[in-house]
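Got some structures for you, see below.
In the two complexes that follow, subunit A is the common piece, with subunit B as its partner first and subunit C second.
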Partner chain A sequence: MVGPRVIIVGAGPAGVRCAEALVAAGIRPTVIDENRRDGGQIYRRQPDNFTRSYATLYGTEASRAAANHRCFDELRGRIDYLPETLVWNISEGHVYALRDSRLVELPFDALILCTGATDRLMPVKGWNLAGTYSLGGAQVALKAQACAIGRQVIFMGSGPLLYLVAAQYLKAGAGVAAVLDTSPWRLRLAALPKLLAMPRALFNGIKLTLALRRAGVPMLSGIEPLEITGSAQDGVNGLSFRDARGEVRRLACDAVAIGYHLRPETQLADLARCEFQFNPTSRQWLPRIDAQGRSSVAGVYLAGDGARLLGADAAEAAGKIAALAVLEDFGYPFKAETVAELRRKLATLTRFAQGLMQSFPWPAGQAARLSDDTVVCRCEAVTAGELRRVVAQTGAREANRAKAFSRVGMGRCQGRYCGHAAAEIIAHAAEVPIEQVGRLRGQAPVKPLPIGIAEDGA
Partner chain B sequence: MTAASDVIIIGAGIAGSAAAFFLRQRGRSVTLLERGLAGQQASGVNFGNVRRQGRRLEHLALSNRASVTWRRMRELVGEDIEYIPEGHIRVCYRDRPELLDEFAEYAREAGVRGLDLEIVTGAALRQRFPFFGPEVLGGSYSALDGHANPRLVAPAFARAARRNGAEVIENCEVLQVEKAGEDFLVSAADARCFRAPILLVAAGAWGNRFAAQFGEAVPMAVRGPTMSVTEPVPYSIHCAVGLVSPLDEEDVYFRQIPRGNLIIGGGLRGPAYPDLCRAYVLPRNTLGQFKQIRRLAPAVGRLNIIRVWSGIEGYLPDSQPVMCPSRRTSGLYYAFGFSGGGFQLGPGVGDVMAELIDTGHTTTPIDMFDIGRAALSATAMAAIGDDA
Partner chain C sequence: MTGRFVRLAETERQQVTLRIDGVTVRALLGDTLMVAVLAAGGHLRDSEFGDGHRAGFCLMAACQDCWVWTAAGERLRACSTLVSEGLDISTRQPEATWSDRA
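Up next is the complex of A and B:
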């Protein structure tokens, strides 16, 4: 029997565990990944000639990282692995990818999208100055290249990554000027019952903050960002904010890392024509999936943070669950008990993730308070004022309509980094609920595609 | 309750919105009904060519009339629609030298009809348009053509019409139209009803649905153009550029906007789904377009595209629109089926239809766009099957 042609996009924890389960059932999946090496973002592997230990690179998650890497290493030879390959479109049962400046076109019967997540960003005046990074970007610089984004770095935003990356910088010997959290402390206390669903993770989080405190890093909660200061020539030189007591303060720094938890990378799901639904808790649109990761489109499955922001452990479980759904759908034997067990595990992790979301909410209200001269869309240099003007003058109250008139989200990143904030600004200016603003439609290519791309035989 | 006006227009694309605007200028009360948002379909997602040259000679009168309006747009609609009247050049490759003779012949004929063209070849071509590849033989340059931002034009007309007193109703899908006595009764999906003695169908790829309700269905095919846009690079190419070829797959055109991005169109078209209001770009068509743009302007081959898109265009067998009074029902007018070429004409179409409706005749000849022409006959209908 010829098995189904299965493609997994992403070789992070979800993709790796998905591949493992498929291989165990006798299927040889194709794993396509944008990175040079497996591991995804969280278990990103350093370049070959780098020698930092697992403990240095992954801290408390060292054994999990090692297990994921080992698992993937053992799969080699039983999967078709395409690293450094960007899937830029999905159409009519085919995946279109870019590898080595060449086109790769692959048909599939089942497609499992394990595309992970990137930082969710709220603009702040001056965030377009050189020296401003996302928390994830700051972490990648450290993990992949052993580089810090600056000598005196301010970490600002909210979410577990804020403390994790700051602590990683501290450990690596970089200067951490401050950790500024927009969420007030009391939310973390209120979320404690949910956070206790994962005592180990909670304990690790507390340990990180204690390490930062012991090192004397100023740590403030309940702040409101005001402005990243600096110049076009020299980049960032400081940051001003309003502290929890309402006082305006300014700190010097030469780099800022910002992020407000994560947003799933859903462009491929969008191109595969999957349906989305609004999630009121996180105020973002998520692809619709069933309990086993099936999307609204037959043959397309979603797993990991690209579908639901539940973290790496949950991604491993979701990857496996999606693989079992593929097995079920294509008539392979599979153990229902395994699915049930994995789903129980996922339920615990979901409770913990809800606790995190409650502790570190997306600061939606900030969007309304951004000054008119704040750049919202950095690709197209669209300011908050321009977006508000377009809403007022043209009556645009839907994300794609406002994009058509203002160019917000029309640039290189297609609104992946400004789309959420732009939607909040539109909702506020048009006085409509955020879900009515909708979401920016994704278009191919997922990332810029060279016109010089070579085709087979070309 | 039924709202009454002098004229109901179905479809707030560029033709319908412009017609509403010009009818208000003539003092007619207008209700403009749009199932989605103004200019959201083909009028808003096309390439943005404001080009006269290359159109059939008998279309130039309408195209010239539109051209006059384009140059007055800011004054007329009161906002910037990013119109760049910096010229248009269309060229041919060395392997089709006969096209250059056709350009010269066309230029002679167009000149008589008020469109001045200049044939450019050899060193002059290389010097003035250094971006062309070695395969390009020569071209025809139209100094008074240009390009504009399609996303802005129809909405600007609709807003201007509204400011001047038109009733512009968006998110109002018309389900049925019928003539009851002297008036048309138009019923929308949200149960609203509209009444007027005159009805203009300007519903683009959906226009045929209404023509069919009056027994005048035409053979229409729907397709989606293949569009893409590059990352921004320094603004240096001000005119719109097109390649002429008898082969659809060779067809390619581009323009640069002051922001720096190059917008590229042409090549094979993709599938369109009018019922879903969606059209999709096929990846293979994008790649085909890449191949052609590299031939036409090799330097563009070093850029990246950042987005592709499409829209739903209604094509008639002879690539000419329907633009006329109904042959069967008095008070009924049509302006649809522009076959991918309606953007430049749009303001002229609105102007002419307003004149026709207001005065009963028009100074611009439109006989060739009649719904009863042979190309739209029952035989043509049978040939195209169910594609409509």
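Up next is the complex of A and C:
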């Protein structure tokens, strides 16, 4: 029997565990990944000639990282692996990718999108200055390149990653100037029952904050960012903010890492015509999936943070459960009890993730308070004032329409870093609920392509 | 200013020499282009929208804020391209030249 043609996009924890379960059933999937090596962002591998240990690189998650890497290494002969390959479109049962400056077109019967997530950003005045990085970017600098993004780094935003990356910098010997969290402390206490769904993760999180506290790193919660200060020439030199008591304070630094939890990379799901639904808790649009990762489109499955922001452990479970859904849908034997067990695990991790979301909410209200001269679109330096003017003068109150008039969301990053804040600004300016603003449509190519690419086999 | 990025470990690697905007820069094998540039200087490129220097942002190939060009005109993402000996990089986009067929 000729098996189904199965393509997995992404070689992070979801993609790796998905491939493992398919291979175990006798299927040879194609795994396409944009990175040079497997691991995704969370278990990103350092270059071959680096020597730091798993414990140094991944801390409490060292054994999980090692297990993921080992799993993928062992799969290598039994999958078709296309690293450094960008999937830029999905259309009518085909994946279109760019590999070695050539266009590759691959048909599929089943497609599992394990596309992961990036930092979710709220602009702050001055975030376009050199020396401002996404929080995940600050972590990549350390994990993959053994570098700090500056000599005195302020970590600002909200979410568990804020404390994790700050603690990793501290441990690696970098200068941590402060950790500034926009979420007030009391939310963490209120979320405690949900956070207790994962006692180990909660304990690890508390340990990180204690390590920062012991080292004397100023840690403030309930702050409101005001401005990243500096010059166009020399970049960042400080940060001003309002503390929880309402006092304006300023700290010196030469780098700022910002992030407010994560947003899923959903452009490919969008191009595959998957339905989305608005999630009111996180105030973002997520692709609709069933309990096993089936999207609204037959043959298209979603797993990991690209579908639900539940973290790496959940991504492994979701990758496997999506593989089992493929097996079920294509008439392969599979163990129903394994599915039930994975679903229970995902339910626990979902409860924990809800606790995190409650503890560290997206600071939607900040968008309305951004001054008119704050750059919203970093790509093309379009300001909040310009976006508000477009809403007022053209009556645009839908994300794609406002994008067409203002160019916010049309630049190099294609709305990845401005889209959510822009939607909040539009909603506030137009006085409509955020869900009415909608979401930026995914456009092919999902990342910029060079003009001169050749068609494969042409 | 000296380098924006601070090397915290892995400093015993083989050295690599490349050219950035005509200036010779020493980097280490395994560095990304971004690290090579920012370990030596304060910025990576100029914003084409007049708001100053840029030094990358996401480091995970999502924001595209770190484009640089080879002498042959090939565009590279500095955050996800590893250095190699003799690489010659321009942080300014080469002028597009169009053949005149009119």
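Remarks
In the analysis below, the second predicted complex is superposed on the first by the 456 of 458 C-alpha atoms of A that agree within 3 Å, B and C clash if a C-alpha of one lies under 4 Å from a C-alpha of the other, contacts with A are read in each partner's own complex, and residues count from 1 in each chain.
By our rule, a contact is a pair of C-beta atoms (placed from the backbone, for glycine too) under 8 Å apart; a residue touches a chain by one contact, two chains touch by 3 or more.
Since the structure is predicted, the reported quantities are computational estimates derived from the model, not experimental observations.
Of the two partner chains, subunit B is the only one touched by A:445; subunit C is not. In the superposition on chain A, A:134 makes contact with subunit C only, while subunit B stays out of contact range. When both complexes are overlaid on chain A, the residue A:410 reaches subunit B alone and has no touch with subunit C. By the touch criterion stated above, A:338 is placed in contact with neither subunit B nor subunit C.
The larger set of touched subunit A residues comes from C, when the choice is between subunit B and subunit C. Applying the stated contact rule after C-alpha superposition, one finds that A:401 touches subunit B and leaves subunit C untouched. When both complexes are overlaid on chain A, the residue A:380 reaches subunit B and subunit C alike. Contacts of A:92 after superposition: subunit B is touched, whereas subunit C is not reached.
Once the two complexes are laid over each other on the shared chain, residue contacts for A:103 go to subunit B alone; subunit C is not touched.
Residues 380, 412, 448, 450 of subunit A lie at the contact with subunit B in one complex and at the contact with subunit C in the other. Contact residues on subunit C toward subunit A in their complex (touch as defined above): 1, 4-11, 13-14, 29-32, 35, 38-39, 42-44, 47, 49-65, 67, 74-75, 79-80, 82.
By the touch criterion given at the top, residues 34-36, 41, 46-52, 118-119, 128-134, 136-138, 140-142, 144-151, 172-174, 231-235, 254-255, 265, 375, 378-381, 412-413, 416-417, 447-448, 450 of subunit A touch subunit C in their complex.
Here subunit A touches subunit B in the complex through residues 89, 91-92, 94, 96, 103, 105, 380, 394, 398, 401, 404-405, 407, 410-412, 414, 443-445, 448-453, 455, going by the rule given at the top. Here subunit B touches subunit A in the complex through residues 37, 40, 44, 151-152, 155, 159, 230-231, 259, 280-283, 286-287, 290-291, 293-294, 300-309, going by the rule given at the top.
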